[in-house]
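Look at the two complexes coming up: subunit A is in both, with subunit B in one and subunit C in the other.
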Partner chain A sequence: MRLAFVGIQLKRLYRLVLLPFILTACILLAGLLLEGSWSPGRIRPVMMALTQVPVIAAGLSTAFVLNGDPIVELTESTPTGWRKVQVTRLLIITGAFLAAAGLLFIGLHLMRLWPRDQGWVSIITPVGSIFIVNCLVFLIAVLTMSMPTSSLASIAIWLFLCFIWDPYITDPVRQRLVPMIIAAAGAIFGWKICSDAERNVVKVAAL
Partner chain B sequence: MFISIDHLTKDFRGRPAALNDLTVDLPQGMIGLIGPNGAGKTTLMRILTGIIKPTKGKVFIDGQDLSSPANRRNLKRHLGYLPQHITPYDNLTPLEFLDYIGILKMIDNKHVRQEQAHTLLEQVGLEDVMNQPIGGLSGGMRRRVGIAQALMGGPQLLVVDEPTAGLDPEERMRFRTLLAQLGQDRTVILSTHILDDVAQTCPWVCVLRFGRKQYDGPTEGLIHEAAGHTWVTPPIAAPPDNATIINAEPTPQGTRYRIVTDTPPAGSVETAPNLEDGYMALASER
Partner chain C sequence: MRILSLVRITLLMFYRRKALWIASIPLALFALFLAYASPMSPGFSNIQGLVFTGQVLAMFTPLAYAASFSDLMTAGRRTGMDELESTSPLPMAVIRAAHVLGAWVICISSSLLFLVLIAVHQAIHGNGEAILVALAVALVILSPSMLIAMGISALLGALLPTIVARILAVLAWAWLAFYTPLLPLPTLNGGPLSVIGDPIAQGWFHTNPMYVPVNGPFTAQSGVISLLWQVCIIYLLFTGANMASNHIKVRV
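Coming up: the complex of A and B.
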């Protein structure tokens, strides 16, 4: 992929790329401040709630980034095509949130504040959540090309992981690996559908 | 570029065929594509730009068959397209937007992109606002950004869909002069409902109706369709029957109608037809 192409997408998205790092810094700062005054047992439930914020933000940011572009038809008339634009945007936003999630885990793990910490393997929990949410939001965005639907879907996926899946599957690897495989399959399916220029143009025109 | 369209059909699920066995050859230069809403103009342009594939039939551009993905990719490198509804990113300046389009068109050299963007923005008269956000520009200026983006990469085929819709008369005049200049050394397909734009700029015209070709040939030929059938009535109270009314001019004595018919009311004077008359004469023939 050409550098100029990635660069211009990065330029368009830079505010959203900074968002996960700002969130990570805020959560780590909160952890540091609370560490001095509260016991770890009291801080962990707060951290459990705060560590969900980047997952929700990732889903909503991805829904925002992948929808509402006013030049889909024009992009399809160029040799680059719409799929390359969408996939590049997905990779940029997901990459930023994954990196920030990794940093968040490392910070909280070192402070012994990561909820349900089972060692370094627990990094798969935040990283996996973001991977799952973003892959599935990509699929929904490709299928519907609608920002409200994609945003609602991102919340629904997060709710499923947080309240239905995670409480019952406690082993971190099993907890994330199965949904990650399903999400990756969904993203590949979305990637295939996204190559249909006619569908993309007609879908946008119908909105 | 010479475009040859061979028995082209495009079906969309659950709707009548957008294009129905269309066969037409389009020469180099300015070509007007006209027809009523739903005639298949936009579908034809999307096929010509390689965005959608026909259900049946083929399109050849300079002998290259567009059904081959490699030929479609190659075409897109030499294509400029201005879709009907284009809203350039509000937060970018015209210069940044053209740079972005240049990247999409795979112009890798930054200096080449920037130089082209500057030249084109000057050509469309936007040199004073090239560094202002597009969101603050007038509708006419945004359309000009649209045409400038279509010209990035020096395309040999330019496809423009309703480029003058919503422009004020001054902007329209400037726009069609620009299109006429562009048509001197490339193929420009201009789809529009504004027949005056076609009359002023296109030596060749193609008329579509219900997805079929109704006329294809010199613009003069289409005008000639109404020769001997175009009349101006004396001021009368009610519009004449069995006539296609082109326009109506109220006078104190009644309304004077410009009509296309074989049976004009008494006292009507035959007049030289224009493209509108020719188009309406063709429409009433169907």
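Coming up: the complex of A and C.
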């Protein structure tokens, strides 16, 4: 029963689930091609830019899957409920992006191309960013039910992480752990709000 | 009169999208922090600081606006609103222009608010022309950059599936706004075709540009060329988006 439900959502989102793996493959291919011909000093800034692309894509994809569904009211009238649908979509898309980010890190780590690599602990950098962005986008999607606002917020969160937080907090664990706890708290808060069936229906009807 | 009431209605429609306004405020605050913390920053206490802040806002905030306006020209199509609009006596181009105007007001207002606050602070400390400079910066540096980002978003949104359009629009703006000689990419920055206001900032406000100009410092003329060039791009982007959105069917 549960599996079939996940299967239906997966069928709806399978193109988006493929997206992170395509991105990972493209970045790894770029790394392979550049590794032979360029010096590590030249590849590093390229990889620093390219490894941000999955984070941007994760936030925007989450904003896309969590908004714009016109049949909230119908879902709320079934025993499934809207929250279960939302959380399943969030978990599918986050799982796909986390897995692809893990693969990306492993590939680049083995090629010694990951920027600011401090050993295997650095896997927390891409995985943590995607977790933080997706959790907070879930909260904002629940609060606003608006795709433009969620997309705008996802880029704002990424901007904060990439340009304001990361340059100042450099220890990889502290860099990710603190915002991850805040993001998880935000997601739990969103999960609580999302249980309000009346609010969901009224909110989508007002759009 | 019809156009004036259209503008009024459009502003009212966009005023109701409060979530978008609220989300814009932290975005502008992040950019302000970047302007403050940048090693190039001249501080907030003079005209240079005001123009620099305007340029940082013009580089960073459009990243988010490029992501969020991909349905600017196509939203009406999903609800059938465009069919209703086409029965109105105004040309479709005017109606679509009004939509752009409404979105522009949302984009600019949070940044404009902070620029004016800085200018008021300067005015209290004896720099009377700061408020005029803040308004001018918002109009000639900030607005073109934001409109270009929105235009890229609207055009790609009308041509491509939503999610691809959003990601590509962000990457396109990142390419337009940021440049480092470490990456082997061609760039518009450093020339008069830059879209982040360097020629205007140096040519008209005599400040240091973000990227060192390739062919000597920018003059007042390069500022004029830059502004005309940006107006052309904006016009082409929105015309293209308008045309593309007339051809598509419902796309979810």
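Rule of thumb we're sticking to: the second predicted complex is superposed on the first by the 206 of 207 C-alpha atoms of A that agree within 3 Å, B and C clash if a C-alpha of one lies under 4 Å from a C-alpha of the other, contacts with A are read in each partner's own complex, and residues count from 1 in each chain.
Heads up, the rule we're going with is that contacts are C-beta pairs under 8 Å (C-beta built on N, C-alpha and C of every residue); 3 or more make two chains touch, one makes a residue touch a chain.
Given the structure is predicted, the values throughout are model-derived calculations rather than measurements.
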Partner chain in contact with A:S61 - subunit B first, subunit C second, else both or neither: second
Which partner reaches more residues of subunit A (counting touched residues only), subunit B or subunit C: C
First (subunit B), second (subunit C), both or neither touched by A:I71: first
First (subunit B), second (subunit C), both or neither touched by A:A49: second
Which of subunit B and subunit C A:L152 touches, first, second, both or neither: second
Subunit B versus subunit C as contact partner of A:L19, first or second or both or neither: second
Contacts of A:P79 with subunit B and subunit C, given as first, second, both or neither: first
Subunit A partner contacts - residues on subunit C that touch it in the complex: 17, 19-20, 23-24, 26-27, 30-31, 33-34, 37, 60, 63-65, 67-69, 71, 162-163, 166-167, 170-171, 180, 182-183, 252
In the complex with subunit A, residue positions of subunit B that touch it: 12, 46, 49-53, 73, 76-77, 79, 81, 83, 85-89, 99-101, 103-106, 108, 110, 149
Residues on subunit A engaged by subunit C in the complex (per definition of touch): 16, 19, 42, 45-46, 49, 53, 56-57, 60-61, 64, 68, 140, 143-144, 146-149, 151-156, 159-160, 163-164
Complex interface listing, subunit A residues touching subunit B: 2, 4-5, 8, 12, 70-71, 73-80, 85, 197-198, 201-202, 205
